[in-house]
Structures are given as structure tokens and as C-alpha cells.
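The following pair of complexes shares a single chain, chain A, combined with chain B in the former and chain C in the latter.
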Partner chain A sequence: MSSEINTGFLKDKRLDTIAADILRPVGITQGFLVWMAFLSISLAGCIYAYYIQCDKGLIVTGLRDYVSWGMYIANFVFFVATSLVGMLISSVLGMIGFKWVKPIARIAEIIAVAFAAIAGLVIVSDMGRPERLPYVFMYGRIQSPILWDVTVVTTYLVLSTLLYFIPLIPDLAISKGRIGHTPKWLQSTYETLSVKWDHTPKQYQILLKLVRILLILIIPTAFAIHTVTSWLFAVTTRPGWDSTIFGPYFLTGAFVAGSAAVVIMMYFVRTNYKLEKYLTDYHFDMMGKLIVLVSIVYLYFNINEFLIPAYKLKTAEAIHLQELFVGEHAFLFWTVQLSGLILPIILLLFKFFRKPFPIFIIGTVMLIASWFKRLLIVVPTQENPFLPRQFVPDAWMVYQPTIVETAITMGTILMAVMIITVLVKFFPVIPIWEVAEEECHTNNDQPKV
Partner chain B sequence: MKKRYLSLLLIFVITLRLSAQQEWIVPAENLSKLSTFAFSDSTRKAGMNLYITNCKSCHGDPGKNNVIKLVPPPVDPASDRMQANTDGGMYFKISQGRMPMPTFKNILSPTDVWVVISYLRSFNPKYAQEVAPKVLTGAMVQNVKIHLNWLKEKDQVQAVVSGTKDKIEQPVAGAEVKLFAKRYFGNLLIDEARNTDAQGQVLFNFPKDLPGDSTGYVQLLARLSDEEAYGESKSETTLQIGVPTYKPPLNEQRAMWNVVQKTPIWLLLSYTFTVLAVWAFIFYVLFQIRAISKSGLSKDQDTID
Partner chain C sequence: MSNNTDPINENEAQGNENTRRAFFKKFGLIGAVAATGGAAIYSGYRYEESKPDRDLVKVLTADNRLVEVPRDQVKDVKVDLTRLQKLGREGLKGHRWVMVIDLAKCRNARQCVAACQNAHHLRPYEYHINTLVMQESKSTAPYYMPKTCQHCDNPPCVAVCPVDATFKRQDGIVLIDNERCIGCRFCIAACPYSARMFHWEEPLMAEEDKGKVYNIELNVPQRKGTISKCLFSSDRLREGKLPYCVSACPNGVYYFGDENQDAVTNGTTKETHRLSELLRVNGGYHLMPELGTKPRVYYLPPKNRLFEFVDPREQNKNQEKV
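Showing the complex of A and B:
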């Protein structure tokens, strides 16, 4: 993102076309109401499940003495992982100078905001006594990775929200006169949120500076958020978690999950909002190549993570690996590794599979696989502790998720989808000014203002 | 490969089985040993306290068969197998021990062992105690006392044993005395068992490197071996004769495992600095949004286009 901007696009007629295209789906439509009603009713069921859990305690879940982290913590890792893609697309690729990320940067930021916001709630779902949440701040120890995690998740959420909001300001100003078809309150929201933006060069100057600060700041924060999440596991000596590469292993896995989520959302936006002109086959093609890159890096860390313990075969590690490779969890393990990692790498090497619909299907499979991958990181380790399992009922020795906790987990996903829906439906999902500037700048040689 | 593991495992299991089945043979002369005092409610109560401190961690609650998993397994005190022992057999087993049961002869005095047995017998309704006939010893001393002195120049501990005979206090000669230093997990025998001379005195060589508490104090315990003859006689004294040892408690200094007030300085600084630095930028960005708002065009001016 350059520090100077050519505001010539504001006088260009093409801005009107672009704004009209992108703003057309904005507002309350019947489809939106039906979809939100569906989400709300489903969420109500999940909230009832959470009510049961608050009332009866964690006994209504499959969590017991040995496996005390189950679906909830796996879900938490999944949410944090998926949210990291905001940093990858906007910061890393954007600052290197890839122009193709401009139309999809906001999609990535929406995913970052929605998933980071819900990640905090997911942790609360794992608490038997959620009313003790303030104790984290009252009695928390700086020495504990849990406190570091709370700190970085909050910071990342604030940074992602700012990185979503600040580039949105010029768009709100452009849009406010052009959304006559939307309700009054939405128009006045635009008026307030656009903070008296008048497209002055000085304002653009400040805005670009702020975006640059945020883009740089979010890189170490994003690294911290997922590295610290991995430390929650890696600071213990348990087989499967006792690993020095857990930080990069989680980070690279996060890029895989996040990129898949971006592709899925791109596809929905493109087809539902008829934005084929802006989210072109080229963008899907580039995302496909990006997925191959991040998947190969992740595969490399997977090989490290399993090959080294498998070569040494320390007793506890051997039991753990046996459970994953040929034991209880083998079917899930190989399904996840094949469908979420190896097959996508191979398929996406071919141009055909990088077309919107095929890559949407591949992305969906990858995202589901990455959720189960987190479950495979969290659960099998706890089923094989160092000390013998004894004096508990047989059912407590393995983890069997219940309907209640599945419903609560579904609820957190529904909430993330709701946030995404609201942001996508009420605000321009593709940066109007950046796309317009790009278009006018490359085609016209306007004098700089 | 698999076969070899299997056969190894088999050998291991068979060895365990064999050793588990091996009977614990008590030498015949020890079988008929009897307590010199009658078991009563007070001995049973004292025995229960000793049992809870010394035995319960392996033998569990009598009658509940919640023994710890060891090979060979500990026996529940209320079980028939345990109660089939004679009093002397129990006394021998508790005093001597065998793998994996530790020896208690340095931890419990002979009287203590009998007190424990009195508690164990309370789980056997058919048990009727047989008390040893009073043995008249030649000495016939009563109120035996042991006095401990530290002979600094010789690095020796002197024990002086005296008792009353015919209402006159006089030294006890020819009695075997054992000296112990109290440690965390039992008593440590110092030097070896020695007999008193005609003056009732006995000298023990004391090691120069025995760790004491933070100021060098060591708790000493002297006991006569033949409690049947002299009655229960023990003496505890604390002398400043050990090497001063100060082990700071693990929660005294700043450490990762300590409370938040004792966070390591490096961690406190790096956490605080990082959080403040990042949030300083965030607040800067928030304030700059105000600046954006202020640098818009004033109302009377027209927009740029």
C-alpha cells in the first residue's frame, strides 16, 4: 500500500459503476431476514444447551478426569487459527505489493474479526463456573500462558477490528449518498462511522499512515496469538504436546484453515452478490496457489512433528503415535491428513481445480478437516496420560462428546456466521475506493493531487 | 521382534507371579513371641494413629481391601490371611520388613509395634490375647532414664542410663542402647548398638557431616533394645551438633511457579513492556481517527468535487 494516493478516481465515472455494483446487495433483504431467522432459531437451541450446562455443570459434556479438554478447546484452537488469515492476506501479501489481494482483504479481515471475537466466548464455554471469569484478571499470574493468551486474543481482536474499520471509512463516505434503498438508521450509521470524511489529501495521508502502523503491528500480534495458544499445550511434557515446533506447527496450520475459509466466503459473496467482476477467476486461481504454498509448509511441519518422535519411539510417544497411525484415532487421522492436506496440494496444482466452484468444494473439505485436526491434537494425548488410569468408571477413560457440548460448539460457529452475515450485508464487502483507485490509476494517467 | 517382546513379558510376569506366591517365612523362634502388656482400648487407639501415619498409605483401610497395587500386594489387615499370623509373626514382619514392605524396627519402638498389633487384632472378633508372663530380670530396675551429652572434643555422644532399684537411683550396666537421629522419613541409626559399662555409660561416635536444621540442631533419640526387661525407655534430646543446612523454600524467591507478586523480573518487564508498546500504538491510532475527523473540510467549504 503506497503512502500516497491518487484521488483522481473520485472524479472518475467508473467509481459510480463500482460503487453501484458493490452497494447493490447492501441493506435488509428478504433473503437476509430468512437467513438470520434460521441462524437465530438454531442459536436459540444452542443457547438452551448452554443453559443446561450452566445449570448442571460440565458433567453434561463428555469431559471427565482424564480428557478434560475436548471439543471446546479444539474449537478454540480452530477459531484462533482461522482468524489469523486476516494478517496473512492484508499484511504479509498486501505489504509485499500483491495487487490481487485488494478486493479480498476485507473478506479476510471480516473472518479475522468474527473468529477472534468468538474465540474468547469459546473459552468461556469450557468453564464449568463461568461466573469466575473475572478471577483471571483478579488472580491471574503473569507466569501463566493462559494470561498471555487472554492478553493477545484481546489485542488481536482490537487490531483486527481497527484494520477492518479504518480502510472502511472512505467507503462509508462514498456510500452514504448512494444507499438510498436502505433504512434510515443504516444511513445515519454510515454518517456517524464515516467520521466526517471528505476525501481530503490530508485525510488520506493520515489514513494510509494508520493502516500501515496496523499492518505492521498485527504481524507480531498474530504470531503471538497462535504461538501462545500452542504453548498452552507445548509447555506440558505430555506425549504429542511436548514439542519445540508447536508454535510454527500451529501457525502454518492456521494459514491453511484461514485460506480455506477465505475461499469459501469469496465464493458465497461472488455468487450471492453477483460480484464476478471483482472476485474473478484470477483471484480464485491466486488463492489456490496460496493454499498450495501454505499447505506444503504445513505438511513439512507435520512430517517433522510425527517423524522425529516416531524415530525415537519413547514409550509414551510410541503409544500416542500408535493411537494416531493405526489405533483408535487412525481413521480420523488419515482422513484429515489426506482430505485436508495431501489431496488439496495435489489437486490444486491443476488449473481446473483452482476455478471458483472446485476450489470452493476443496476449501470446504479443508476447513472441516482442519476442525477435526484440532480435535486430534487435543484429545488423544489426554487419553494416554503418564500415570496409569485407574479407579474411575470405564466410560471416563475415553472421550465421547455429548449432544449438549456439540450443540454449544455449533452455537459458537453460528455466532461467527452471524457476525460475518451482518458485516457483509450492512457494509461494502469489497473496498470501493481501493478498487476504484487501482482501476483508474492503472488505466489513466491522472495528475497526483 | 514381537515374539521377543512377548517372551520377555512372559518371563517378567512369571517372575512376578512366583515372587507374589512366595510365602513370607518367619523363623520358628520368633513365632511365639508375645506382648508383655495386655491390649486395651487405649493401646488400640494409639495403634490406630500409628497405623494411619505409617501403614495406611499401602495397606489401606482395614476391611475395605483398598490396598495399593504392589508386587507382592499388601494384605488387608482385616483379612483372614493377615489374622492367621501369630502375634510373634506379625511382630517379626513389621520389624524386619521385606521388599516392598520397609523395615520398621528403627521407626517404631518395640512397644509401638505391639500397639499397632493391638489395633490390627481389633478386626478379628475371634482373637483372644495371650500375654507373656512377666520375666523377672536380674537387674529389676525401674524408671529407666537415658541422659544424652555431647562430648565436643571427641565428637562423641555419651548416653548415661540409670534406673531405680530398691528406691535408690543407680546406673544400669550391660544394657544395649541404640542411638538414632530423626530424619524426615524415619530414624537413622547412629554408629551401632552398644552396651553400657559399669557406670551405665556408653559412647557413640557421631559423624561430622550429618545435616542438621538451619542452625545445626539435630533431634536425637536413644532407646534400650530390651524393652521387655527395662520397660519402655526412650529419651529424646535436641543437640546443636549437625551441619547447619538451610534449604530455602521453593516459593521464597521469584520463580515461574510462584504467585504473581513473585513473578521473575525479566518476565514482568517483557510482558509489561510488550503490552504497553502495542497498546500505545493502538491508542495512537484511535486518537488519529479524531484527527481524520478534524481535518475534513469545514462546513462552508465545498467538497473536493
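Showing the complex of A and C:
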């Protein structure tokens, strides 16, 4: 993103068409109300499940002394992982200068904001005494990776929110006069949030500079959040967690999960809001190629992570790997590795599978697989501690998630979907000014070249 | 400028005048109060003196003196949480507690487990100490191994705790403060010995222990949603007694003592041994020393056993079949 901008697009007629297209779905529609009602009612059920957990204690989950981290922690890792894609798309690809990421950058930022915001709640759902959350700030010990995680996740959330909001300001100003079909309060929200933006070149200059700083700052922050999250496991001596490559292993896995989430959301936005003109087959094609790239990198780390211990077969590691490869978790393990990693790499090499619908299906499978992948990272290790598990109830030996636990986990996902829905429905989901600038600028320039 | 400063000086002078006046006023008042108070106390004293001999009770003081105190002056000492927390976190100065577990003597009586659960209000499957059936490989002999918290000198659990709920004391004991614990269970994940337990539900004696002041050295009352673990019975150590498990063992498995004094006492025979000698002669070792945790619990190898090994789990299975 250059710090110079040609504001000529503001007077161009094409801006009107683009703004009209993108703003058409904005506002409160019947479909939106029905969807939100459905989400709210489901969420109420999940909140009731959480009430049960607070009342009775974590006994209502499948967690016990041996497997004491389960679905909640796996879900936390998943949330942090998925939110990472905001950095990948906007910062890494954007700053390298790939123009095709412009229309999907905001989609990636929305995912980053929603998932990073809920990640904090996910971790609270795992706490035995959630009312003592302030203790983390009152008595926090800097030695504990939890402190590092709280710090970087909060920082990432703030940076991502800024990266969502600041490039939105010119759009809000453009949209002000064009959203007559929406309720009054939304129009006045636009008025307030657009902070008296009047499209002077100076304003754009400041905005681009600010965004550039944020894009740079968010790269180390994003690396930190997932590396630190991986350290929650890697700082222990347990087989399966005691790994020096856990940081990059988690990070590359995060790009896979996040890219899949972006594809899914792109597909929904494209079909529901009739934005085929802006989220074209080309964009899906490029996302397909991106997924192949990040998946191959992730596969490389997977091979490292499993092959090397499997070659040595140290006692404890051997038990752990046996459980994964041919034991209790073998079915889930191979399903996840095949459907979430190996098959997508192969399929997405073909142009046909990079078309919107096929890649949407592949992305959905990948995202679900990546959730279960986190469960496979968290649970099996704890089922094989160094010392034998004896003289405990049979239920303690195998981790069986309960309905309450599943409902609470579903609740966190519903909340993320709610945030996404609200942001998508109330504000332009594709950057109007960037797309308009791109289009006018390119077309004006081309004859000169 | 000079015109402006004068009023300020005047004000200050007036202020001084005011304070002087106020001082004399206060002085007079205090004098009056002191005189009245003194008179009241003196008359009270005379009244007390004039009373007949009062009802006295004998009380043993903390330094073992027997004294007499008027019955109406006896008050229950309120156990103070802040004081208990302070003592508990400091630990017993000058000591470095160690435990030696002689595997050659363990016959899986599980009296240690029962005594511990009884003292700490735990359910039969909630362990601070558990006796495990161990077998290194198919060709080696199985044996019983009591497993407590190893009270590591380099404790992985303490390192990861985000709120200083679990901590290492100067006397070597690793404790857990359930007034502080947020229930994140990072310590369970970090402990390679699976020595920690979590209160997934209301603790066994939640009703009975209601209102009791929390004793960090006993970890009672236990609390839902927090960690619990072996405490080396630090409440007993404060009283100069051996830990619950050590005293309960019928087979002489446990030695407990102070590394600084190089002495450990057997809980069953009450014989005291030189720690270094005991470890040298019997080939004492640590559990998983390769992890660098530096445990404070030593094991003596399961050699020369004079009893038959019975796997309690298979025994249960056979009973079920019958």
C-alpha cells in the first residue's frame, strides 16, 4: 500500500455503482432478523449450559484429573489460530503488493476481530473459578506463559480492531448519503463513526501511513499470539507436547485454518449479497493457490513433528504415537490429516476445485478438520502421562466430552458468528474506496503506459 | 507585585494565630478528658479489688507455662486467615524437608492413602498420595510405588502458575493456595508426576467445613474449582509431628526428616537414620531425574522383598468373576 493516493476516484461515476452494489445488502432485513433470532435462541441455551457449569463445577464436563484440558482448550487454540488470517491477508500479502487481496482484506479482518474477541471468553469457559479472572492482573506472574498469552491476545485484538475500523472510515463517509434504505440509528452511527471525514488528500495520507504502521506492528503480534499459545503445551515435558517446533507448527496450522475460514465467508458474502462482481472466480482461484501453499508448509511441519519421534520411538513418545497412528485416536487422526491437509493440497492443484463452490466445500471440511486437529493436539498427550493411571474411576481413563461442554463450545462459536453477522450486515463488507480507487486508477493509468 | 504579596502574608499571620488558639483549646479538652478517664479507671480498679476471689481457670500457654486466668476473661482466639496465609507461605525456617520411600517394604496396604484422604477431606478416588503398581518392562519384577508430590526444587508447576497460587517455600515444600487459585489447571498439565488433583465438583465435606477458616498448610476447607495436592502435611510439621501418611504406614515404608540435619525418621519404627547413609547403603534414587525437576522425595529400590506380589487390580477382577 503506497502512501500516495489519487483521490480522483471520488468524482468518478464508477464509485456510485460500486458503492450502490456494496451498500445494497447493508441494513436490517427479514433474513438478518430471523438469522439473529436463531443465533440468539441457540446462544441462550448455551449460556444456560454455562450456568450449569458455574453452579455444579467442571464435573459437568468430560474433564478429569488426567485429561484436565479438553474441548475448551482445543477450542481456544482454534480461535486464536483462525484469527491469525487477518495478519496473513492484510499485512503479508497486502504489503508485498498483491492487489487481489484488497476486496477480501476486510473479510479477513472481520474474522480476526471476531475470533480474537471470543478467544478470551473461550479461555474463561475453561476456568474452575472464572470470578477470579481479575487475579491474573492483580497477582500476575511474568514467568507464566498465560500472562504472555493474555498480553499478546489483547494487543492483537486491539490492533485488529483498528485495522478493521480505520480503513472503514472513508467508506463510512462515502456511504453516509447512500444508505437511505437503512434505519435512522444506523445512519447516525455512520455519521458519528466517520469522524468528519471529508476525503482531503491530507486525510488519506495520514490514514495510509497509520494503516501501514499497524500492518507492520500486527505481524510480530500475530506471530506472538500463536507461538505463545503453542508454548502453553511446549513448556511442559509431556510426550507429544515437548517439542521445539511447536511455535512454527501452530503458526502454519493457523494459516491453513484461517484461509479456510476466509474462503467460507467469501462464499457466503458473494452468494448472499450478490457480490459476484467483486469477489470473482479469480479471487477464489487465488485463495485456492494460497491454501495449497500454506497447507504444504503445514504438511512439512507435520512430517517433522511426527516422523522424527516415530523414528526414535522413545518409550513415552512411542505410546503416544501408537495411540495416534493405530490406537484409540487413529481414525480421527487419519481423517483429519487426509481431509484437512493432504486431499485439499491435491484437489486444489486442479483449477476446477478452485472455483467458488468446490473450494467452499473444501474450505468447510478443512475448517472442521482443523478444529479436530486441535483436539488431537490437546487430548491424547494427557491420556498417556509418564506414570500409570490407576485406582481411579473408569470414566477418568478416557476423555468423553459431555453435552454441556459441547453446548458451551458451540456457544462461543455462535458468538463469533454473531459478531461476524453484525459487522457484515451493518457495514460495507468490501472496501468501497479501495476497490474504486483501484478500478479508476488502473483504468486511467493504463492508456498512459 | 509587592501589593499582591501583602494580603497573603496577612492571611498567613492570621492562620498562625488560629492554630495557636486551636492548640490551646485542644490542650484543655485533652486534659479534661484525661482527668475524667483516669478517675473512672481508678474507681473501676477499686471496685474490682473489692470483689471476692474470682472464678479462675488453668490455661496452658504457648510456651508451656500453666497459668490461671479469670473465667470471664477467657476468649476464644479467632483464627486469622491473614496470619495463617502468612505463616503458610513463609514455611518453617531452617528446615529442608525430605521423604524417603522404601519400595522394598511397600505391600500396598494403602493406609497412607486412607490417612491422607481422611486428613484432607478427600474422596476415596481423590489422591494426594496414591500407591501405583509399577513394572519397568515385561522381564522385570512388578512392585508397589507410593507416589506423592515430589516437592521438586525446580518445580514445573510453580513456574507456570499465572497467579502465584502454587509456590515453593523456604523449607522445600510446594503448597497450593486455594484462596488464590483460578482453576486454569496449567500446573496439572506441567506436572510430569501427575501429582495434582482438581476439585471438579463440591468437595466431599463442603457442608461440614463451611465457615471454617482456610488453613493453607492443610488445604482445608477444600474448594470447588481449585487445585489440591500433597502438602507434606505441613500442618503436622509445624506441630513437630510426622506427616499423616508416614505415621499411618504399618510396613515401615516411609522415612521423613530434615536434609539440613541429615536425619530421617521411619514413621512405623520411629527409628532415626542418617539420610546420606540410608541413601548410600540402599542405592536411593529420584523419580525421572532426567526431567531436571530435582525432587525432594527419594526412593529406595524394591529389592529383597519377603512377601508375594499381588496385583490388586487383577485381584479385583478375579473377585468380580467369582
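Odds and ends about this structure:
Everything below uses one rule, namely that the second predicted complex is superposed on the first by the 444 of 449 C-alpha atoms of A that agree within 3 Å, B and C clash if a C-alpha of one lies under 4 Å from a C-alpha of the other, contacts with A are read in each partner's own complex, and residues count from 1 in each chain.
Following the convention adopted for this analysis, a contact is a pair of C-beta atoms (placed from the backbone, for glycine too) under 8 Å apart; a residue touches a chain by one contact, two chains touch by 3 or more.
As the structure is a prediction and not an experimental result, all values here were calculated from the model.
On the superposed chain A, the two partners chain B and chain C do not both fit; they clash.
In the overlay built on the shared chain, the residue A:Lys176 is in contact with neither chain B nor chain C. Residue contacts after overlaying the shared chain place A:Tyr139 against chain B and chain C alike. In the superposition on chain A, contact of A:Arg129 is made with chain C only, not with chain B. When the shared chain is aligned, no partner comes close enough to touch A:Arg24: not chain B, not chain C. After overlaying the two complexes on the shared chain, residue contacts for A:Arg14 are found with neither chain B nor chain C.
Contact with neither chain B nor chain C is seen for A:His441 once the two complexes are overlaid on the shared chain. Once the two complexes are overlaid on the shared chain, A:Lys277 sits clear of chain B and of chain C alike.
In the superposition on chain A, contact is made by A:Asp198 with chain B only, not with chain C. Of the two partner chains placed by the overlay, only chain B lies in contact with A:Thr151; chain C stays clear of it. Comparing 131-139, 149-157, 167-175 or 185-193 from chain B against chain C in the aligned model shows that the clashing stretch is 185-193. Overlaid on A, the two complexes show chain B and chain C touching the same residues of chain A, namely 139-141, 143, 390. Interface residues of chain B, counted against chain A in their complex, comprise 69, 256-260, 263-264, 267-268, 271, 275, 278-279, 281-282, 284-286, 288-289, 291-297, 303-305. Put simply, chain C touches chain A in their complex at residues 125, 127, 130-134, 147, 156, 159-164, 180-186, 188-190, 192-194, 196-202, 224-226, 288, 291, 312-313. Put simply, chain A touches chain C in their complex at residues 56-59, 61, 63-66, 68-69, 126-129, 132-133, 135-136, 138-141, 143-147, 232-233, 235-238, 382, 385-393, 396.
Residue ranges of chain A in contact with chain B, taken from their complex: 7, 10-11, 139-143, 148, 151, 155, 158-159, 162, 166, 169, 195-200, 202-203, 206-207, 209-210, 213-214, 217, 221, 390.
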